[in-house]
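I have placed the structure first, in the form of structure tokens, so that the comments after it can refer back to it.
Here the chain labels run A, B, C and D in written order, and each chain numbers its own residues starting at 1.
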Amino acid sequence: MFVLSSSTEDQLIAETARRLALGPVDQAAREVDRTGVIAEGLWRRLRDFGFTAPVAEHLGGTPNAVTQLRAVENLAYGDPGIVGTAVLAGGSTLIIDAAGTGEQRNRWLAGVADGARPAPAPALYERHGLPPEEYGTTITAEGDGWRVRGTKYAVALLDGVTELLVVGVDPRGGLRAAVVGLDREGVDTKRVSGTSHIALSAARLSRVHLDVLVAADDLLGGVDADARSLAFAVARTRLLAPAVALGGANRAREYATKYATERIAFGRPIFDFQGISFTLVDDQMRLDAARLGLLSVANGLDQGREKALADVGRIVNETHAAATEATRNAIQVLGGHGFLTDHPTELWYRAAALLSTLDADPYFASFAPAV
Amino acid sequence: MFVLSSSTEDQLIAETARRLALGPVDQAAREVDRTGVIAEGLWRRLRDFGFTAPVAEHLGGTPNAVTQLRAVENLAYGDPGIVGTAVLAGGSTLIIDAAGTGEQRNRWLAGVADGARPAPAPALYERHGLPPEEYGTTITAEGDGWRVRGTKYAVALLDGVTELLVVGVDPRGGLRAAVVGLDREGVDTKRVSGTSHIALSAARLSRVHLDVLVAADDLLGGVDADARSLAFAVARTRLLAPAVALGGANRAREYATKYATERIAFGRPIFDFQGISFTLVDDQMRLDAARLGLLSVANGLDQGREKALADVGRIVNETHAAATEATRNAIQVLGGHGFLTDHPTELWYRAAALLSTLDADPYFASFAPAV
Amino acid sequence: MTLAFEFSPELQRYERELKEWSVARIRPHARQADTDHRPPANYREIFETCPVKISKHVAKGRDNDLPKFPDGELMRVMAQYEGLNYGDTWAQSYVSGGIGHVVVSLLGTPEQIDRWYEPVVRGGGVTGFGLSEPGAGSDTSGLVTRAVRDGDSWVINGSKIFCSHAASAEYVVAFAVTDPEKGIASAEAFVIERGTPGLVILKENEDKLGLRAWETTQIGLEDCVVPLGNRLGHDPSAGANGAGGARLSALSVLNQNRPNVSALSTTVAQAALDLTGELLHEQRLGFRADRWSLIQRELEGMAAALTRNRHLNRYAQWMRQHDLQNRVEASMAKAFGPPTSERVVRRCMQLLGPEGTSTELLLEKWYRDLKILDIFEGTGQIQRVIVAKDFAKKARG
Amino acid sequence: MTLAFEFSPELQRYERELKEWSVARIRPHARQADTDHRPPANYREIFETCPVKISKHVAKGRDNDLPKFPDGELMRVMAQYEGLNYGDTWAQSYVSGGIGHVVVSLLGTPEQIDRWYEPVVRGGGVTGFGLSEPGAGSDTSGLVTRAVRDGDSWVINGSKIFCSHAASAEYVVAFAVTDPEKGIASAEAFVIERGTPGLVILKENEDKLGLRAWETTQIGLEDCVVPLGNRLGHDPSAGANGAGGARLSALSVLNQNRPNVSALSTTVAQAALDLTGELLHEQRLGFRADRWSLIQRELEGMAAALTRNRHLNRYAQWMRQHDLQNRVEASMAKAFGPPTSERVVRRCMQLLGPEGTSTELLLEKWYRDLKILDIFEGTGQIQRVIVAKDFAKKARG
């Protein structure tokens, strides 16, 4: 029987996330978007909370996927841009914790939880919505070492980081990961300075070309690593961006509802028109369906079910479809006002769009016209 | 420059069609559905009108595709079941006229226009929305003759008919058609008696298995037939079922609108609720887009443009998607009343569903959930 | 407290047994029931063959001899809906036997429950219910059926449509206004037993697009006289007290069945999808590889959509199981599931081609059956109004 | 009478030349215009390089030195929208130069047209327009800006938002109520020239999600005094005659631009799609065959959707070209096109992956730009209300 525990602890975590969301995260949103910088104080609070970049138990603790998902979604209710940045930057800890050797966990995660040093930056996503098993990045034995070759996209926050955690496939098609020093020859990062994408300006996303030889002990889990653990950890990580999108989109739906109940036109609050209210109800239904789907897959991953691995791609895409549509409709409900930076709707619209491009496998959804 | 002529003659044809539609066709709809029989008087009127089974110029005249499409759509406004039956049964005349030799036109079409004898029954459609160029039915040279082998579906009205017009592909992948006597060995028709499908009961649709040898002069256009003329004629024929669906769906939209402006709930006509009216507006937008698309493709066929051939599959699918949705929403607007045979909405819903299965190529549309 | 997306292994087994039985014993009668507009005459005997105990009354915690599952009784009810209707839809209506008795259990005094509810639940009788009228559907404020006190009796006049099972019922529970000035606020429910003079069956079963075996009756009430004690919820000696509006809103408990209606639609669509998948797999050799992958992608997409339906259904049901207010979630489940289920069946017919709509298969029946599920027990539009009201309330703090 | 789905070869050539020019000369400034929230300073010089004549005023039959096409002038206008905006959106606003002068041409006396319209159309000036207020958007009945007659002048007080080009305009045409009791029915339009005391630019250009180079100004009118002759449509010596409502409805001519707004959205989406197709084709070697066919199917589906948009746009425009009432068709085109165009751009970004949203490409800008097109000149919701009213009228006979 599937169990989504609503334990007191889980509830507490979700509530704490929501408090952080509506407090410091929400307050910083516009400024972070404008400057492309998350202030150290806010970073510290996010790090202390621990769910965007969770670390190994003995170093602070990695929650189960369901708990993390709920925490991240609630946090992103404050601002999907900031939380999306944290999640993209923090993803390697989970993977190293799950698939690294004890020595590697110590080597790469020590000091991360308390902010003394950053974890290796995760280099996961490629283009065109390719799922991990189809990544073009290869990790292949070559002499005594292993060659990591490929291009990674949406690598977040390289400033101050010294290593990358690169996920690729080995010649037999299994997943592999390796930690690569950023200063190594054959690592070529391309970054547009400043606000270089439609959203998540603080993430300073980079493209990284890799053609580099690493030592066997830089392979995550070593030469005989368990590809299955890695696959589960990568799958969990892929659920985080949609959880962020979901949090932001739910906020947008609620914000637009509030606006519509207050804005008067044609003699009544515009929410009284079903053209407005039904749109918002449909948005919420899609968001709720996405949330249940995400939780269901996360639970499957927590239970170690193979089927959950196969279900990741679809729910990621469904969630982004729901989130991009809901944020778009939130602007629509606000009308011309929603198009101005006076309201946060446009921030959420942009964040949802960017997040949706990370992992958009066209297998799972076809383009459909709006009408 | 694309020209959709709104000539007086075209206008007259459309108006005549609409008059027939709202007169005898509409009046017969329920009875025909119940009995599975179109009375001879109505058949005669449809035949005299000439647009459901058009014949060669010297035998009565085949209109251009645009004119025919408009006539058929307007006629189907009366009842898509009756007009769908006529169109499915009459489709061979157009193909024989376009792709047959002079001798063949005389052999197979003489006496058809005045009802003295039926034209060969068209055997076009297969399963799974396969387009003609992928039909599984083959027409292959064998000795002095040609072997026709395959299975055809939705072959209408075989009673009293002596020949089939079978469309298939030859070994080089080009389209071929042959006329096959129904009494020939190797022609095996399977028919469920009475009302055997969800709608179009009068069409008495059959499945026909063919494995039969025909003479070279039974090949439409002869051994050196022009595959291109055949392809254009088949393409035109494929546009007729969606034109029927469109006519029925437009009627359903208007019927539901009228109902909604009269039905009072919560103190006003339910049409005043945007949940109702916007649904009907969206339906009409999709139907209008489908109509313009159909006309555009029909015009392309009239102009002999290759591109139009390639555009048939998509517009057929778009039109059926619009029509099935609009007929379904018409019932929805009527609520429980729409579910009763007291109203014709359920007839239109059934007809739209059946028509949509003739030619539903999944390449052109993916399943999408309703919300 | 736990949220069940999937049933416990025990409940899964229960559902599976029910499904298998439904396919073996219910489905074979589906076509005939549709043609005859009634269930097989021996339907009670058919039900006797059911390998697991199922409940007649789907309200919470009534039938105490039913199997217990860790998921809770309401989850079992949902599993019953999914299992029973997988074979075909006709049986559901005769298993539940109408809702007249359920209304008695909601509004009746203990004595009335003893008299009209218990025997039906134990004996498997059928009961009718009449609320809608020609001029009053989703909006019940337009009710015009009238009950007038006359000494020791009530005299009822009016007509009712969309009465489930009223033609073959032991009794019909009908709502009538007792004070035209107060209108709907004065509505009361009356038990009208079969054979009561003035209870006229105007149309035994409507001629419908689908669910034809489900009896949908039009009744007339022409100077129909019932004893005072047949008014639900009151001391038989007392008059109407004007609390009729409250009585009608007590009926909102019935709305808790909404996730089950969506579950019904979902399981029928799943049956259609499973059948279509089997047929297409049989035909697979005829497919080119690229076509087959299109088909497979469609089948996967539909399966995922039905899983989404189930998530919303089970979530709403789970909330109620745990005594959480689920009005919004139940409405969402009801608005969400049925129209997608319709689309799945339609798409299955399309993937098969013209024969997908042939009466040789049941898909065309299911397509006709399902249409009403986005309408009865509250249309998709009404569900959205309910959810929207909740949004507005929350937004206004 | 002919319906043009495709333009005549001549007009296709015209559009193609305009497109090529727009890609070569307009697009290179797109990023900077977005960053600066204004067009390049030398935009007039850029426009000078345009190889074909384009019109400033898009109303019917005004600019007589424009090339003639068999399709008719309004079809040329639509081709201009499609051609000009294919490179980027920033230029459109500066080509049309606002709509203040268009309003003069609709409401003004011949003398007023000579004074305020003709010079702008000939000289290429910019004019502003103010209708919306903080409390009055789609519903203009809430206008509170007030004009009071005072001897030989009108004294205007209030504020206006979403005023296109009001900050850099030679004059702003603003609506104000002349009789608070009659409200919107007494609204009149006033020409307020630049530098008029009391005309205050509260915000030169709003900080917007997209179309940032289009000037969207907030103005204040603080005891702003204009001569009687600046009230459009009247003998300068006469007072307000209460026909202001009629005046506002005369503005409905502006609604005839709706199909062009949809055409604008469609051509931008087409630009995004073309660019995406090129990039993906360059990357094609990296694709597995089954993935490539998925991609190709997506590209085809989007191209078809844009063709659908164009069908509705051109049909509505063609009706107007032939003096057929196209109110409903124009609203449908406007409701239909823009949201699908948005989706095309979004989907293009998704197909490309994260770099699809990078500022190295223009897709992310276009995604931001397009969002407003389903809002301004009447939201999709308002368009549906217009169509629904027509349906109801026809249904009621």
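By definition in this document, contacts are C-beta pairs under 8 Å (C-beta built on N, C-alpha and C of every residue); 3 or more make two chains touch, one makes a residue touch a chain.
This one's a predicted model, so the numbers in the text were calculated from it and none came from an experiment.
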Checklist outcome for this item: Farthest chain from chain C by C-alpha centroid distance is chain D
Item to check | A-C compared against B-C, more contacting pairs | outcome: B-C
Item to check | Centre-of-Cα separation between chain C and chain A, whole angstrom | outcome: 42
Checklist entry - CA centre of chain A versus CA centre of chain B: separation in Å? => result 50
Checklist outcome for this item: Between chain B and chain C, the Cα-mean centres are separated in Å by 38
Checklist outcome for this item: Taking each chain's mean CA coordinate, chain C and chain D are separated, in whole Å, by 52
Checklist outcome for this item: Flagged in chain A as touching 2+ other chains are 273-275, 278, 282, 285, 289, 363, 366, 368, 371
Checklist entry - Residue numbers in chain C touching 2 or more other chains? => result 297, 301, 308, 335-336, 381, 384-385
Checklist outcome for this item: In their shared complex, chain A is touched by residues of chain B numbered 273-275, 278, 282, 285-286, 289, 365-366, 368, 371
Item to check | chain C residues within the chain B interface of the complex | outcome: 132, 135, 137-139, 141-142, 161-162, 206-210, 280, 283, 286-288, 291, 294-295, 297-298, 301-302, 305, 308, 335-336, 339-340, 342-344, 346-347, 349-360, 364, 367-368, 371-372, 374-376, 379-381, 384-385
Checklist entry - In their complex, what parts of chain D are in touch with chain B? => result 1-9, 70-71, 297, 301, 304, 307-308, 311-312, 315, 329, 332, 335-336, 381, 384-385, 387-388, 391-392, 394-396
Item to check | Sites on chain A touched by chain D in the complex | outcome: 125-130, 134, 136, 153-154, 192, 195-199, 205, 207, 264-266, 273, 275-276, 320, 324, 328, 331-332, 335-342, 346, 349-350, 353-354, 356-358, 360, 362-363, 366-371
Item to check | Sites on chain B touched by chain D in the complex | outcome: 1-6, 254, 257-258, 260-261, 269, 271, 274, 277-278, 280-282, 284-285, 288-289, 292-293, 295-296, 299, 314, 318, 363-364
